[in-house]
Structures are given as C-alpha cells and as structure tokens.
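Both complexes below contain chain A, partnered by chain B and then by chain C.
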Partner chain A sequence: MPIITFSSDSYRKSREIAKKTAEALGYKYVDRKILSSVAVKYDIPEAKLIKTLDETPSFMGMSSKAHKQYLAYIQEAVLGELLDDNAVCHGVAAHLYLLGISHVLKVGILMDFDERVRQVADQEKVSIEKAKKIVRRQEKQRKRWSLDNFNLDETDPSLHDMVINISQIDPEEAVSMISTATGYRKFKPMTYSIKCMQDRELAARVRVALLKDFPDVRVQARDGTVVAEIKALKREKHRKSSAVKELVGNISGVHYVEVHAINDIFRQAAESGR
Partner chain B sequence: MAEKLEVLVLDDEPIVGRRLKPALAKIGCDVEVFQDPKEALERIGQKEFDIVVTDIRMDEIDGMQVLEHVIKKSERTKVIMITGYAMISLAREAMEKGAFDFIAKPFQPDDLRLVIAKAAKALDSPIDFEIPPPNGA
Partner chain C sequence: MAIITISRGSYSKGKEVAEKVAARLGYNCISREVLLEASKRFNIPEMKLIRAIHDAPSILDRFQHSKQAYISYIRSALTQRANMDNIVYHGLAGHILLKGVPHVLKVRITVNMKDRIASEMERESIGEKEALALLLKDDHERRKWTKSLYGVDPWDSSLYDLVIRIYKLSVDDAVDFVCQAACRQQFKTTDSSRHIMDDLAIACQVKASLVDHFFDVAVTSEYGNVIIYTKTRERQGQRLKKKVEILKEEIEGINNLEVHAGLPYPPDAV
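Coming up: the complex of A and B.
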C-alpha cells in the first residue's frame, strides 16, 4: 500500500487530517516526533531541527551549512522510516524529497485565505489587517524555504497528486477521499517504485556521511551503486576521491562508489588571483 | 510435481530474451521468447500464458498495447512491464492499466525471478524461490 505525504498552508488542520487518515487506514504515522530521535543521534537540540523545517538560513540565525546538514539528517531519518510502506507522513517536508516515487500519494491541503486570516487573528489575538500580513509572510516563507532547499515551489499545486480545499470539504470527507485514493492501482508499490525508495534512502545516508567534509556533495544511488559529486581543485581530486570512497565504502547497502570530482571554479579563481 | 508456469517474454532486444529464458527456466518456467510484438500478440491469441513479461518501448506496437491486449484476453494472466525508460507517469499508467508489476532496466535476473515468484503466488501456483542473501551470508 502507498505512502501518503501531506503538505499544507494550515499546519494544524492538515495534521488533524493526516492523523485521522493514518488511523482510518491503520497506517504508521510519521511526523515531527521523529526529530527527537534525530536530535539524540546527532546530538543537536531538537528546537534547531524544528527551526530547520520552518526557517531558511539567515545571517543572524542558522548558518547555511548547519541548515543543510540538519535537513539531511531529517531526510535520512524520514526516508528510513518510510522504507516500509503503509505510512502517513506529515510536517517533515517529505513531499519535496519523495517526488518521482509512484507509490507516494502526495496530498496538498488548502484553506481559503480569509479563513486562514481569521484563524491567525484568533490565535494570535491580532487585528484582521495584521493577520493578513502574517499569512502573506507565512506564504512567502514557505515558498522561499522550498525553493532554497529543493528548488521547488511548495505552493505549486502541481507538486501534489491530490489537492483538497478544507474550507469547502469537511476533514472527515477529506479523510474518506484520501483513503479511497490509496486504493487506486496507480499508487500501489511496485518493484520500480520500491527500488527508487531504497535508492533514495541509501543516497540520504551516504550524503549524511559526507556532508561534514564535503558540504557541496551531491549523491545519487542505484542498486547499491553510489555516485558522489564533489567539488575539488585539480591537485586535490585524487585525495578527495579516495576520502569519499573511504567514508562511504563501508555503509551498508553500498556495493560500488563512483566519485565525480568537478572543478571548484571559485576556489580556483581565488587561488589564481593571489 | 506442480505444472510449469507458462511465461512469454517480449523484448525487441534479443539479448534480453537470451538472458531471461535460462534464468526463468531455472525456477521452473516454460518460457517462449519473442522480439516482434506482432508475433507475440499472435501467440497470445493462441495460448493463455500465466505470465507475460514485456518491454514497453518497441516499434509499431508498444508494451502498453500488449498489456491492454493481454488483460482483455485473459484477466488471469499477470503482466510484468520492463523498461529502460522508467518514470513515474509510465509506472502509474502501467499499474492503472492492470500490470502486475513494473521493473526498470537494467535489472538482475533475481529481481525478475522474485517478481515471477510473486506472480506465481498470486496465481495460486507458488514456486520455490528466495533471493539468496548478499555475500552468501
């Protein structure tokens, strides 16, 4: 059975629907609770991981390097959890790193702008005008976050398989619609989609192992073959490639490592300017 | 002894049939190999196969058409799609049209044998096959 990911402009409402969907289908529910185990594993305050999912790096806030690293830890953990299907996933941006996997049903939950404004006004005890500004800022923030981290516009409905406006459809009805959709054959796990999932999980683990030493690393995996793309100066290529192979070679599931060391043009330019 | 599974393999690349025939024969399948979709469809018209393994991208008649044809003729037959051009839209389309499974090329013979074993189970004709653990462990 498939995996269902939720994303929304209304975190609380979509969480409610996601939880109810998991209950209705008897699926595992994966949400931000997973962050506590990530925090323990990597010895990072959980609050920083939550911040990673909500905010973009900034001069006064989290550095870009830390943000990238924490997000990689989160991805690694979430993908590990989702290796078994029959899961509902909410609040960890999974829809952005599970694109292209056919047994992932990506659900977008929308709420009318005015309703969101009213909710914010009630929650924050602010005027409607102020609430409008907050909602617009949140929208902008979501868009920027997804573009910065995944080069995808989170607010684009075409990223989803199903978009439900909960200002028009009751949560119970939404749960029923989503549950019905999971029965469609097109969302059934198949050898290809399961392998895609395994490849992505392996790539995430490898990336985590490399990020500290190779912050720009890009990793792809297929059937145990891992391709790591790193930046290096010409004279460093051999040494860095060997270092990657040593770091990755013993990771479970890795059978072969290929390193593509591409020219670090910025460092090269900096060096030649000296 | 249980009856052999009747399997038709269709791929316009001769190497695929040459590799798969012995690989599937090892797990007790009776395999007929075709490179020409027209000939394969003709054969499917004459005989009800338990399993059809078909490539998707072929000239004149593609694998999706073969899938539709097989499903129309025999709902019991399990169709396994194989392709070197795997992508989400194609995978979903194949499953929606009734494919039993979808495999991206290149694949190991064991990958297909495992899917064949699943199909055999779904057909109530289980075969004895398990993927050997890595490194012979």
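Coming up: the complex of A and C.
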C-alpha cells in the first residue's frame, strides 16, 4: 500500500489531518517523534534536529556543515521507517526527498492567510499586524529552506499530487479524499517503486557514513551498487577513493562501490597560489 | 448548488475535467460563452476581449485603461451567468473574477510539462523546442496578467480550494474529487451566499456601465444598496451623478445608489 506525505503551511492542522488519515487507513504514522531516536543514535540534542527542519543555516545560528549532517541523519531515519509502506509521514519534509517514487501520494494542506494570522495571533498573544509579519516571515523561511536544501520550491504545486485548502474544505472531507486516492492503482507499490525506495534508503545510509569525512559527497545507489561522488585534489584521488570504499564497504546492502573523484578546483587554485 | 471555477494552463486537461464534472453534476459548462455574451452586450469584438483577459497589459494599456474596461465587461457577463448557479466555468481568471462568493469551489488543474508539450506538439504539428517555448510564453503571459491586474500569482495554491495534478491522478480521479467537494455543505448556495452573488453581479454591472467614461470608479453593493467610489473632481462628479441616475432605472435589483467622492476604495470593491 502507498506512503502518504503531508506538507503544510499550518503545522497543527495538517498534523491533525495526517493523524486522522493514518487512523482511517490503519497506517503507521511517522512524524517528528522519530527525531528522538535520531538524537539518541547520534548523540545530538533533539532541539537541534527540530531547528534543522525549521531553519536554514545562518552565521549566528547553525553552521551549514552541521545543518547538512543533521538533515542527512533525519533523512536516513525517515527513509528507514518508510521502507515498510503503509505509512503516513508528516512534518519531516519527506515530500522533498521522495520525489519520483510512484507509490508516494504527496498531499499539500493549505489554510487561508487570514486564518493563519488569527491562529498565530491567538497562540503567540500578539496583535494582528505582528501576526501578519510572523506569518509572512514563516512563508519566506519555508520557501528558502526547501530551495537551500533540495533546490525545490516548497510552494510549487507541482511537487504535490493534490493540494487541499482546509479553510473551505473541512478536515474530514480532506481525510476522505486522501483515503480515496490511496486506493488508486497508480499509488500501489510496484516492484520497481519498492526497489527505488530501497535504493534511496541505502544511498541515505551511505551518505550518513561519508558525510563526516566528505561533506560534499553525493551518493546514488542502484541494486546494491553505490556511486559516491567526492571532491579531491589530483594527488589525493587514490587515497580518498580507498577511504570511501573502506567506509562504505561494510554497510549492509552494499555490493559494489564506485567512487567518482572530481577535481576540487577551488582547493587546487588556493594551493597553486601559495 | 455550487459554482465551480476551474483554473488551468493551456493543455492542462482542465477543460476535459470541467466538461466531465458538468456532465456528472448536470451543471452548465461555460467558458467562451461568457466572452460571446460580453461581446454582444457591450458591442466589443470577441478578439479584443480574449486579448484583454489573456495578454498582460502593455504600457499603453495602462494609460488607455481599455483593458480594465474589457475585463469589467467580461466580469459583468460572468457574474450574470454565475448568478443562475449550477455552472462550471473553465475560462480564464474565474477564481479572481468571482472572488468573495462563498459557494464558489475554486479548483486548479495542473499537468506536468512533458504531457503538455506532447499535447501541443500533436495539436500544432510543431517540434518539442517550439512547443516548450510556446507553453512557457503562454504561462508567462497568464502569470503576468494576474500579477499586474490583481497582484497575485495564479500558480499560488492558496488561491484555490483544491489543486489536483494530473499525472498519477487521472482526469476521472480529478472529476471524482471535484464532484465530491462540490457536494459538500460549504459549497451549497445559502440565502446569504446568494445575496453576496447578487450584490457582486449588480456591482459588476454598474462598473461595466461606468468604466467607459469613468475608468477609476470602484463599486460595492450590499443588499442592492450600491456605493460608487470615485476620485473625480467636481465637474466630472456632476457628470457621474447624472449617469448614475440613469443606471438606477436600467439595472435591476438596485435599491439605492450613492456616489462617494474622495474616500479610499474598500478592498472588496469591484
């Protein structure tokens, strides 16, 4: 059965719909609670992982390197959970890294601007004008976050199979529509789509293993063959390739490792200038 | 019953969805009819109306205000039609022209670019690059039109109640969802929503009658009590008042008509 991902500009409302959908279909519910196990596994405060999902790296805040690493940890954990199908996923940006997998139904939940403003004003006990500013800032932040991390615009409707505005369509109706859509043939897991999911999960695990030593690494996996793309100087290529193979070789599911070492032109220029 | 507006890009299967929804619900499916009606009523060539609602305003248009006039005519014709209820409108800008009416279900249908290119290539017998260029130009024009006239991006999902992507979901699936949503209580016509629709139709009619000579008027209507907002000075104000007196007789449903000069326009004014 399919995986349903939810993304929204209203976290609380979409969580409610996601939970109800999971209950209605009897699916597993995956949300930010998964972060606690990630925090324990990698010995990181959970608050930092939450911050990773909400904020972009900044000079005064989280470094770009740490942000990338934490996000990779989260992706690895989420993809691991979603391997079993029959899952509803909310609040972990899964729709951005599950693109191209056919048994994933990507749902966007929206709420009218004014309603969101009222909600923020109530929650934060601020004036309507201030709440408007907060909501606009949040909108910008969400868009920037998705563009920075996945080069995708979160607000682009083509990232979703359906977008439902719950200011007019009530949550129960939304749940019913989503549940109906999961029954469609195109969202049924196929051998190929399951394999794609497994490949993506393996690539995420390999990336986590390599990120510490190779922050620029890009990983692809297919049928147990892993292709890692790293940056290196000419003289380092052999050493770094061996290091990658050593780190990745023991990971379960990896049968063959191919390393593509790309010339690090910036470091090369810096070295030649010395 | 509901009014359904289906917004779409070219070759986005929105027309197909609209026709099937209308057939299933027993509604009238309209698009070009609105332009024909406006063309007939205001004696403007249809082509000019099509350009007005499709192409973004040029610098010249901004001075001539002809585009605003044409859009007022189209809006007037559309609201008259919508007033009869039970319609599916899949022409341009329905979600904007019928803004503020509670029983309007606003739907956007999108299709991935590859499918759109294939449809355009087949229909126009052109190559892939040419088809892509045409589609991008068309999309750009439509976005520019909405942004320049109404300050919103038609690709912004928050303008709609439902956005459906025809890719994994088929046209028939989309039809199911739209019909399912349209039958909900929220989109049923109530007395108060009918009044809102009536008032919008009256305001649009008044605006369409005035826009030729007084391009900067804004009109509101509440239970047939119409207020015309204007920035015009005393002399023109007298002309406007004379014209307004005639309108009272011409347009059905007006209880009272007032002209307010120099006041800021309310945001919901037509």
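Here are some notes:
Going forward, the second predicted complex is superposed on the first by the 274 of 274 C-alpha atoms of A that agree within 3 Å, B and C clash if a C-alpha of one lies under 4 Å from a C-alpha of the other, contacts with A are read in each partner's own complex, and residues count from 1 in each chain.
The definition used in the following text is that a residue touches a chain if its C-beta (ideal position, glycine included) is under 8 Å from a C-beta of that chain, and two chains touch if they have at least 3 such contacts.
For clarity, every value in this text was computed on a predicted model and none was experimentally measured.
Following the overlay on chain A, a side-by-side fit with no clash is recorded for the pair chain B and chain C.
Using the contact criterion defined above for the overlaid structures, shared-chain residue A:S193 touches chain B, although it does not reach chain C. Contact with both chain B and chain C is seen for A:Y184 once the two complexes are overlaid on the shared chain. Of the two partners chain B and chain C, more residues of chain A are touched by C. Contact with both chain B and chain C is seen for A:S102 once the two complexes are overlaid on the shared chain. Shared-chain residue A:E201: touches no atom of chain B or chain C.
Remark: in the superposition on chain A the angle formed at chain A by the CA centres of chain B and chain C amounts to 90 degrees, rounded in steps of 10. In the superposition on chain A, no contact is made by A:E76 with either chain B or chain C. In the superposed pair of complexes, A:E154 makes contact with neither chain B nor chain C. Annotation: superposed on chain A, chain B and chain C show a minimal Cα-Cα gap of 5 Å. In the superposition on chain A, the residues of chain A contacting both chain B and chain C are 102, 184, 186-187.
Per the touch definition, chain C reaches chain A in the complex via residues 105, 108, 110, 112, 155-158, 160-165, 167-170, 173, 176-177, 180-181, 184, 186-187. Of all residues in chain A, only 100-102, 184-188, 190-193, 195, 223 touch chain B in the complex they form. On the side of chain B, the complex with chain A involves touching residues 86-88, 91-93, 95-96, 98-99, 101-104, 108, 111, 114-115. Contact residues of chain A toward chain C in the complex are 9, 102, 105, 108, 110, 112-113, 155-158, 160-165, 167-170, 173, 176-177, 180-181, 184, 186-187.
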